[in-house]
Amino acid sequence: MNQLRWMLYKDLLIEWRGRARVAALSTFAVTLLLLFSFAVGPDTDALRTHAPAYLWLSVLTASTLLLTHGFKLEVESGAMEGLLLLPVSPRAIFYGKAIANMVLLLAVGVVALLVTLVLFDVTPRENPIWLLLILVLGTAGVSAPGTLYAGLTARLHAAQMVLPVLLFPLVVPCMVAAVRATSLVLGGDAMGQLDSWLWVLGCFDAIYWSLCGVLFGKVIG
Amino acid sequence: MPAAAIEARDVGRRYGRRWALARLDLIVPEGSFFLLVGANGSGKTTFLRLAASAEQRNRGELAVFGQDPARRAENLRAHVALLSHKAGLYEDLSARENLELLAGLASMEPRIAEWLAAVQLEDRPDPVRCFSAGMRKRLAFARLIAQRPRLALIDEPYGQLDPVGFDLVDGLMHTLRDQGATVVIASHLVERASRQADTALVLHQGTPRWQGPARKVPAAWAAVHRVPA
Amino acid sequence: MRKDWALVATGFVLLAIGHGLGLFFVPPEAMMGETGRIFYVHVPTAWNCLVMFLIAFVCAVMVLWSGHPKWDARTTGYVEVGTLYNVMLLFQGSIWARPTWGVYWTWDPRLTTAAVMAVTFAGVMVLRKLIEDPERRATAHAVATVVAFVNVPVVYMSVKWWRTLHQDMSSPSTVDSVMHWPLRTAAIGMLLLGVGFAMVRAELERRRIAIEDEAPELPPVPNPLEV
């Protein structure tokens, strides 16, 4: 636990120092949202209906940059190896990094969400607090397998190419659930389906946060 | 006879089809100061990494304090410290923060001022990214001595330092010895390093060529490089 | 004859029998008529795709547990055969979908997750090609396979979790008894075929790794130097 706290502190401190990077990522996500609107055209109804999809696609795409960068820092100066030789438990390294990644992705997601609401002229029909919960569960769903795969591909030349290839198909259930849940909050949940989608997200997170924690040690070995 | 800190028998490590280290037999008694010399690519770094359990050997037997680093890595890592080419520092954190992190993770008392003073580094808020190579090396040393290891494995201790730094390093290695640590260094500053060490091994293209008292190293080095490989 | 090729041959024969009966002899399905015959091709492919991935998962766990290279070779074999079956099942599904629903592809959850599975495991295969160090490659491939397999139950459960156009899970209770035997024969045939091919592929991989990773000769024992 102690090691986990220190790892989390370290990752958040480094990101705070380099907070320009988070700003850059948020800008990237917002740019993607703009691109989606231009690609779809001025059909405001279509844009409004599909706003959740654009939001989550932007967040997912931004995540790959965030994830590969995080491990680049560890590998370039041998810092990660230094930790392993202390010894620091790989599980502490994983959970520290995954939580930090989630927090950062959440920050990017909040910015993207606010821009989405404005850009696509959407007002939530259900309690907007649900949106925050969906963001938390959704970013958690991307962050756990994302951190595992970022660690796995960190030493490959083609890291930035391979990570999306591995990660994107894997997080499809999480994306589907997150988009559906977001649509229900924005468009109204007449049939009370929101709970089921939140349950799907929760299960996805539970499975991957435990599985990836176990596997991470093998990956950075 | 003191127990052995490191015992190696026919140790080998290859990368693909190249043996980086092969046919290595050596014993490093606990509390002694052992020197590995060799040109670049002679296998010094490889051996240090094997002893530190940072890599696995491909053949032979290796024991650090009687335990196999391939199987008992968790136990051994707490007592062994490696100072490698890569400093192992977080570039975005300051010297103090890097040391605080170390202390926190290893559940040690953070004596930051003491550690920085030992390596003559100022307690500046600048991140390591702004440090010179020499300053990074000093901070890496601070990290090493903070751990109070039973076995200190140092790869090129004099690298990136100026002559003032050399004296500092010599002093630090004495401090480690006074703390009872076994010190193994790899260096190609043959003259200087051989004055500090007890025993030495000369490596050439991955294989051991000579072992003996450190004072004879300069002659051995010359002999190795005269004799065709 | 080698065991693996024997399996392939037996599998092929059983598959031919199963398909032959199903496609030509058994009476047509009540609701779908002649187009329903693809059932005998599609359903065994779907079952066996999941079985291949399950075996790959077990082999991947063994790689992480024991580290013996034979498990790495086996994982490779079963991942590749599983992916092949997966792609086949998507094609077969399209062929079935066209006359039944009027389109080659629907975004029905079962088909969609099968497509996702195919891409996931294709990614696992790509990863293998990009890592040169044999140990690292084996570990990375095994980890990716384990994680990808966790996706597989999602396919299996999707009929229950989401509303779907796809037929309910085929099992003997929902299928008329005259259809049991062609279906079972085809399914077992495909299983043996798949396992046989996977074993051939595993053997190829095992040999490739052995050659590639063959330890070179050790340098000679150096002569002691007197100083």
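Letters A, B and C mark the chains in the order given here, with residues in each chain numbered from 1 onward.
Criterion: contacts are C-beta pairs under 8 Å (C-beta built on N, C-alpha and C of every residue); 3 or more make two chains touch, one makes a residue touch a chain.
Keep in mind that this is a model prediction, so the values were computed, not measured.
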| Which chain pair is joined by more contacting C-beta pairs, A-C or B-C? | A-C
| Taking every chain's C-alpha mean, which one sits closest to the mean of all protein C-alpha atoms? | A
| Looking at C-alpha means, what's the farthest chain from chain A? | B
| query | Just curious, how far off is chain B from chain A if you go by their C-alpha centres, in Å? | reply | 40
| Roughly how far is chain B from chain C, going centre to centre by Cα mean, in whole Å? | 49
| task | Mind checking the centre-to-centre distance between chain A and chain C? Centres are C-alpha means, answer in whole Å. | result | 30
| In the complex of these two chains, what residues of chain C are touching chain B? | 214-216, 218-219, 221-222, 224-225, 227
| Which residues of chain B touch chain A in their complex? | 52-54, 73-74, 77-78, 80-82, 84-93, 97, 101-102, 104-107, 127, 143, 147
| chain C touches which residues of chain B in the complex? | 12, 14, 17-19, 22-23, 58, 202, 205-210, 212, 216, 219-220, 223-224, 227
| field | Complex contact set, residues of chain A against chain B | value | 2-3, 5-7, 9-10, 13-14, 17-18, 73, 76-79, 81-88
| request: Report the residues of chain A in contact with chain C in the complex, numbered from low to high. | output: 145, 148-149, 152-153, 156, 158, 162, 165-166, 169-170, 172-173, 200, 207-208, 211-212, 215, 218-219, 221
